[in-house]
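The following pair of complexes shares a single chain, chain A, combined with chain B in the former and chain C in the latter.
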Partner chain A sequence: MAIRSRKSKSDYGSIYRGHEGQWSWILHRITGVAVILFLFAHVVDTAAVGWGPEAYDRITAAYDNPIVRVLELGLVVAVLYHSLNGLKITLIDFFPRLVTRIRGISIAFTAVFVLTLIPTAWIMLGQAWDLARR
Partner chain B sequence: MATTTSPRPAAPPDAREAALGRGRPIGGFELWTWVFMRISGLLLLVLAVGHTLIMHLPAGGVDRINFGFVAVRWQSPFWRTWDWMLLMLALLHGINGLRTITLDYVRPPGWRFAITMAFYVIGFTLMVLGTVIVVTFDPTRWGPVG
Partner chain C sequence: MVTAAEVLDSSDQERPTTDTIPLTVRVRRFNPEVSEDSWWDEWTVRCDPLERLVEVLHQIKWHHDGTLSFRRSCAHGICGSDAMLINGRNQLACKVLAQDVSPRVTIEPIRGLSVLKDLIVDMEPFMDGYRSILPYLISDSGEPEKERRQSPEDRHRYDDTTKCILCAACTTSCPVFWGDDGYVGPAAIVNAHRFIFDSRDEAGRERMKILSEKTGVFRCRTTFNCTDACPRGIEVTKAIQEVKRAILFERF
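Up next is the complex of A and B:
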């Protein structure tokens, strides 16, 4: 076997076949991009506190909208998914032998994700509903 | 794994490697970012998930957040430190994620350079902006707090 040549990153980055892990891989990318794009806006809107109450309360008034509140639920779901799936990736990277139990680990992580999601969605959709009725 | 000394086969990846996805980098900068993504990810699991749940779930949700809320919250060095660590780690983690995705999908070297540079500039600017605000914020300039 020849010594492995240096490969460009993309040789590993394409969608791999034959394992349902590709779905968690693509969801990990989508949720990660969604969160960082929101973070760009969120750092700027939070920085408005440095210009006083009028500036801050005017900028954050953009969030006082039921549709934005539903989008915020999407953000929280993205943060939750990306965090839990990232923890799964890290666990298997640091303890490679766990890969033989990948199916059980995936089911356990999905269970934690869904069980966290249900009360979170219930509370946040309730808040959006209250705002819509105001 | 049955192999002991031979390097990982170039292609096709075996089942274990396919399950693991992208391989662990062999060294240098890529290995450092690989390790950083996992360590910062573990910290962000607490910092970012904690932040979003604390802000959204208690009674009132984000309706209770206004200038006064931030003024009271940032009287505590604990929350200022939490928010600053969240700022820095989330930006470094997110910008590096965008870099990885750019290297996956953008092939022409000029475009690669331009796009990753744009992300670095945005990330650096937001780190400076956020750090200045978190460190220098003094709500008493606009009246008493509370």
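Up next is the complex of A and C:
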């Protein structure tokens, strides 16, 4: 009667179907790591000013590239998400009563995130497009 | 002398077969005496739509494969023995109906605790966390002549967290607990909350000291998986947040 299939240890089974808080937590971690990785590059390019303004200009010229501009939009997405979600977490940390309204709060924060992102993406992708055409 | 199994057997036969539904049960099995790896077994059984999953597991164990191992005791959602990862969510097998998971259900042991056999996990690390928060009334102001009186309002303050049955559904739904077994986990914090906010208890400060450590409440990342998983409907995350706040402001 039993259908038996043997699988290796690497089969972890199903993903835990958790609350949306689980996914916002995972995104918070991913965007956090993404932002800190950018920070390393940022420290390097800013340190270039130590060799004079020409060196700084030469290094930052690498950003005048449509692909980098699109990546920069990704950075804005990460920073925006991480900071807004951080505010959300702080809010419910200080006001435990809000915990019962977490779904509404999550929807509101997602709305603010998306609404802020639309004009930002419009402007940044426009600049990337201009660079690509040149 | 009729055994319990025979009584249940006969009730199986008496049941009309017309309104039964098919249910494929997929179980993640593990037996260290057979294999180091876990494997999946699948059975298709017919059951009453209103039958609970724990009864379906009984049917499999009693009629198809006696080696299938799982914990259960009261089978009515009170003892907290049969918490399992059912279709990707921690639930009590005795509170899930066959009709709600039909035609197919996947059952795995709860995560973050080591599996001993099939759906049985080692609950000791979970109980260690529970014991660490001193889950009993501490009062040094002497034995009262009669009972320790409490107003209805004071009793209401911690009512939600008295409902815990220590099934570990919350703690083993917590991503932080999966990654760090040093974390006391939601269940321990719920039980600490039950005494911290009890007006008769005098060791709140001591418990808050334990919970303000690295392994305590501030490991919580408010993913809300625990609140979702609790079969008793305890607002676990809210309780944790209240303990966090109490530690921050020492208002309790």
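Everything that follows uses one rule, which is that the second predicted complex is superposed on the first by the 116 of 134 C-alpha atoms of A that agree within 3 Å, B and C clash if a C-alpha of one lies under 4 Å from a C-alpha of the other, contacts with A are read in each partner's own complex, and residues count from 1 in each chain.
Everything below uses one rule, namely that a contact is a pair of C-beta atoms (placed from the backbone, for glycine too) under 8 Å apart; a residue touches a chain by one contact, two chains touch by 3 or more.
No experiment lies behind these values; they were computed from the predicted model shown.
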Q: Quick one: classify A:Thr46 as touching chain B (first), chain C (second), both or neither.
A: first
**Q.** chain B versus chain C, judged by how many residues of chain A each one touches
**A.** B
(Q) In the overlaid three-chain picture, which partner chain does A:Arg133 touch, first (chain B) or second (chain C), both, or neither? (A) neither
Q) Touching A:Phe94 in the superposition: chain B (first), chain C (second), both, neither? A) both
Q. Just chain B (first), just chain C (second), both, or neither: which does A:Leu75 touch?
A. first
Q: Share the list of chain A residues that count as touching for chain B in one structure and for chain C in the other.
A: 1, 3-9, 13-14, 16, 18-19, 21, 25, 89, 92-94, 96, 99, 102
Q. Which part of chain A faces chain C closely enough to touch in the complex?
A. 1-9, 11, 13-22, 24-26, 89, 92-94, 96-97, 99-100, 102
Q | In the complex with chain B, residue positions of chain A that touch it | A | 1, 3-10, 12-14, 16, 18-19, 21, 25, 29, 32-33, 35-36, 39-40, 43-44, 46-47, 49-50, 52-53, 56-57, 60, 63-64, 69, 72, 75-76, 79-80, 83, 86-87, 89-90, 92-94, 96, 99, 102, 120, 123-124, 127, 131
Q. Inside the complex, what are the residues of chain C that reach chain A?
A. 28, 35-44, 64-65, 85, 87-89, 106, 108, 111, 173, 175, 221-225, 227-228, 235, 237-238, 241-242, 244-245
Q) Which of the residues in chain B come into contact with chain A in the complex? A) 6-10, 13, 16, 18-24, 26, 30, 38, 41-42, 44-45, 48-49, 52-53, 56-57, 61-63, 65-68, 70-71, 87, 90-91, 94-95, 97-98, 100-101, 103-104, 107, 122, 126, 129-130, 132-133, 136-137, 139, 141-142
